[in-house]
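Chain naming follows the written order as A, B and C, and within any one chain the residues start at number 1.
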Amino acid sequence: MLSQEENELLVRIGPGTPMGEVLRRYWHPVGVSQEVASKPQRLKILGEELVLYRGASGAPVLMQLRCAHRSLALDYGRVEGDALRCPYHGWLYDRAGQCLEQPAEPEGSAFKDKVRLKSYRVQEFSGLVFGYLGPDPAPFLPLYDVLRMEDGVKGIQIRNVNANWLNHVENIVDISHLAWLHGYAYPSYGAKKVTYHWERQDYGVDNVMAIEGKNDDSDTHVSCYGFPTVNRFNVSPVKPGGAQVRTVLYRVPVDDSSTLLYFVRFYPSDKKSFSVSRRMDPPGQYQRLESDWWGIDVADQDRMAIEQQGVIADRANEHLGVSDGGIILMRKMMRDSLTAIAEGKDPLCVIRDPAKQKVDFNQKATLMDDRRDDPNYAGGFGAAAE
Amino acid sequence: MLSQEENELLVRIGPGTPMGEVLRRYWHPVGVSQEVASKPQRLKILGEELVLYRGASGAPVLMQLRCAHRSLALDYGRVEGDALRCPYHGWLYDRAGQCLEQPAEPEGSAFKDKVRLKSYRVQEFSGLVFGYLGPDPAPFLPLYDVLRMEDGVKGIQIRNVNANWLNHVENIVDISHLAWLHGYAYPSYGAKKVTYHWERQDYGVDNVMAIEGKNDDSDTHVSCYGFPTVNRFNVSPVKPGGAQVRTVLYRVPVDDSSTLLYFVRFYPSDKKSFSVSRRMDPPGQYQRLESDWWGIDVADQDRMAIEQQGVIADRANEHLGVSDGGIILMRKMMRDSLTAIAEGKDPLCVIRDPAKQKVDFNQKATLMDDRRDDPNYAGGFGAAAE
Amino acid sequence: MLSQEENELLVRIGPGTPMGEVLRRYWHPVGVSQEVASKPQRLKILGEELVLYRGASGAPVLMQLRCAHRSLALDYGRVEGDALRCPYHGWLYDRAGQCLEQPAEPEGSAFKDKVRLKSYRVQEFSGLVFGYLGPDPAPFLPLYDVLRMEDGVKGIQIRNVNANWLNHVENIVDISHLAWLHGYAYPSYGAKKVTYHWERQDYGVDNVMAIEGKNDDSDTHVSCYGFPTVNRFNVSPVKPGGAQVRTVLYRVPVDDSSTLLYFVRFYPSDKKSFSVSRRMDPPGQYQRLESDWWGIDVADQDRMAIEQQGVIADRANEHLGVSDGGIILMRKMMRDSLTAIAEGKDPLCVIRDPAKQKVDFNQKATLMDDRRDDPNYAGGFGAAAE
């Protein structure tokens, strides 16, 4: 149970907020490589409005949305080379945000030299564009295992959820929901007596669950938390007998009340492919599946749970138990990160050693019996990575 | 004329507000019996979000909407017997709100014993489900005359209005609007010189109107106010020569800016029937009727008047006259109820004596000549009780 | 650059605000003569809700929206002669707002004499209805040149913009945007090196631009600012070889976040005509024109620029240069007007001398080469005055 003040401290992530400062010390997906072109696109992340485009040199540019002159939104502007021109009075900015031209100002004016937009570091990897909104020096981008996988079917899917980012991050380490929220789809642990524990790792936390009475290794199930906002798990094969779908899921805070999910899914296959898809859903509408315990398809169950806690969950009235140890641990890591920044240090799990940039998760999915053969079950299993 | 502070005191009815405390001392309709089943439904009343369902024992259950664990909305849950299970982690609550199961917690944990949801008293009568959100002991449910009527045609209609509850309650005791807002439909008093007075009764207030110069009893017209939110009146027969339609109208505060109306209508008939209907209208859209003075069908005139005062009427700039005596009296009754509660007593018109549970109103509708035979008049008269 | 406080002072125009007091000292369009009839219409101006109708005597009436009795919106009422009756209880108000009847009050009551609605001065000219919301004595209505023009094609167009009024007024004196925002459509100055200066006039300001290196008179271009919210300019002829379209554009503050534009357009022609049109657009949707530099038709470019500064522009982070001299001058005139009112004087450009009521602007449009013959250019030029 948090006080109302503690909850506010954790959930608010706009510019200048303490948690906003923490989350700005990490790389976050801001777009998909194949969609970033010379037409500038507007986006919002961590409560900040930005514009993203690809200049002539081929590198993406991530800058503040509004022109320094009269605050016009630059997604209405025009890319010239690597630079971006505002449509209102023609001010031109280079990729670093430096103003290069103010056409109406007198010849020889030095005014433009004093004008600079915020511009943020960007890099691309595995089909994603990542941005870093924090202070220099930027840490290394974690090269998570799924991102590095090749020779197979890879897909990126972007989805929205109408809720604060912390609801989502709690869902990552809250593994006891598997046996209930997703329990109908996965009979091997659905409604079974399961025990849970959490193990701190360099990258974050391993979530470990074991069915009571079965202590051999094949009956534990490990999903992983990449601090601060990443989830690593496997889902059932797309087709029976196929390979499990390796998944990394970034939960990107848009602002205090909405979140964008970037799924990266991969499975080994002779058929090599890469695809990008988007699915934007209105709040409160979930794919029905009558045969499921809750009447909702497994592909929408997490979104339902996260939204239906309320946009910002009321943590002043929550009741956490032993099985919520992951949530308690994660919140402590957030608070430790707040403290670290206050002391001028890096927050947790920031990578400064290039030897540690490649991150392999301890993910292990052994309890994946599912209802795929149930003629009444639809949707969820096939949705991934197609 | 009220000060802005006095107006705020009267209109706000959420949890913890003084008027919210007053209104919580009465039973209010929360649903319709035939619609309450094992699928939990979400509702809001007095600014409080609740869930309503019917358990296996047949009795309705009215509980707080959100699970005590992680605040999930329980209308997404599943009824098991009389109990309700949360879909997120399977916590199970009995009809009194007591937590029975926390499946992920260790064997033998006493944690669940300490967790209890708010659960409210419910009873059913005349096709309605009533809830009581106040402290024990609950008073008796007033068994209003129309609710007790049988051997005829009975109908329940639920409508919404996008305005604060007090606009509505003022409309109950504000009988001088009949001669104008509804005056075209009722020529016997429409635009006539009418006098008004109000008489306090055990159940609330009688609104008495008399056409000037006609002092015999047949020319008075009495509608009634069941304190704090109920209206009792008759409307014209559905068919010429038929019986007047007896009506009880509950005005249920949803929150500070919206209200739900529960009409219970009855007329004696050999044809016995019972029906339930709903009509949800967007604000500002009213059924047009060009021949009416105001261009709006009589069935929508009150909704227009109540919404078009503003969601919360600006009582700091109102001007009340002698003909607004009912409003002045009603507000005094509200203030007396606030005082009573502050002194640890019951507010007005609460029934503690079982001998007084059956309430018969002094309703008398003698001035019901109407435009039903006018080929240009439509809608309103036939709308009731069909 | 303004402080946040200075910006708030300038943008807020509701009742009781300092800038609201300034703008109330001028006449503003509140409707179009041919549309004002006995059906009362609701409107909002300067954050105030009003009702406008035409009484039997033929004169328009402009009154506060809400009945003094119980705050009902009087656009649901009925005009009787020049008076307006409230539908709720039949209170009747004359055109000056004086209450004439309160039908439910006792015979001989003097209560009605004490009740009066705010009613505002109205006059009609050139097809427009103007209202004056300030204190007496009202100044003269400026009879701008375009309003007085006859013997030709005249059109009034009403459009909406979802932004604060000051964004618009800045756009009037901000003439350096012509060479860029509208630069593709007008090659004679599009992306050219242009110099700017501003000249104070009795009516406001002349905006003067000259293309560098061309100093003869035919190469200057003058548009005008009628203080506080009026723009005077010419646009290209509707048909090649025709006369330029003289335009007066009123930017009417609806409330702090929206503005209504009244265009009055005229060109001399043997074909005499008069038309009224409306175009209401949702925010963020602009007519696409791929061949334009910015992909937006010239008729929507200003609306884009004004909305895309943000509903209230962030002037605490703006950077004004030499070419923004008009904006700096205009803001000084606003501040001088605030000071004048604080000292009990008229604000700037108020007309008290009848000899000065006819206002002729120094408008001169000599740089009007345009893309009308470009088969890829559409829309904008033909939109005017048709």
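Here is the rule we go by: contacts are C-beta pairs under 8 Å (C-beta built on N, C-alpha and C of every residue); 3 or more make two chains touch, one makes a residue touch a chain.
Since the structure is predicted, the reported quantities are computational estimates derived from the model, not experimental observations.
Path length between chain B and chain C in the chain contact graph, taken as the least number of steps between touching chains: 1.
Copies chain A and chain C of the same chain sequence form an interface built mainly from non-equivalent positions, shared numbers / all numbers used being under half. Look at where the CA atoms of chain A average out and do the same for chain C: the two points lie 47 Å apart.
Multi-chain contact residues, meaning those touching two or more other chains, do not occur anywhere in chain B. For chain A in complex with chain C, the residues that touch the partner chain are 66, 68-73, 76-78, 86-90, 102-107, 109, 111, 114-115.
In the complex of the two chains, the chain B residues touching chain C come out as 170, 174, 176-177, 179-181, 183, 191, 193-196, 293-294, 296, 301, 304-305, 308-310, 313-315, 317-323.
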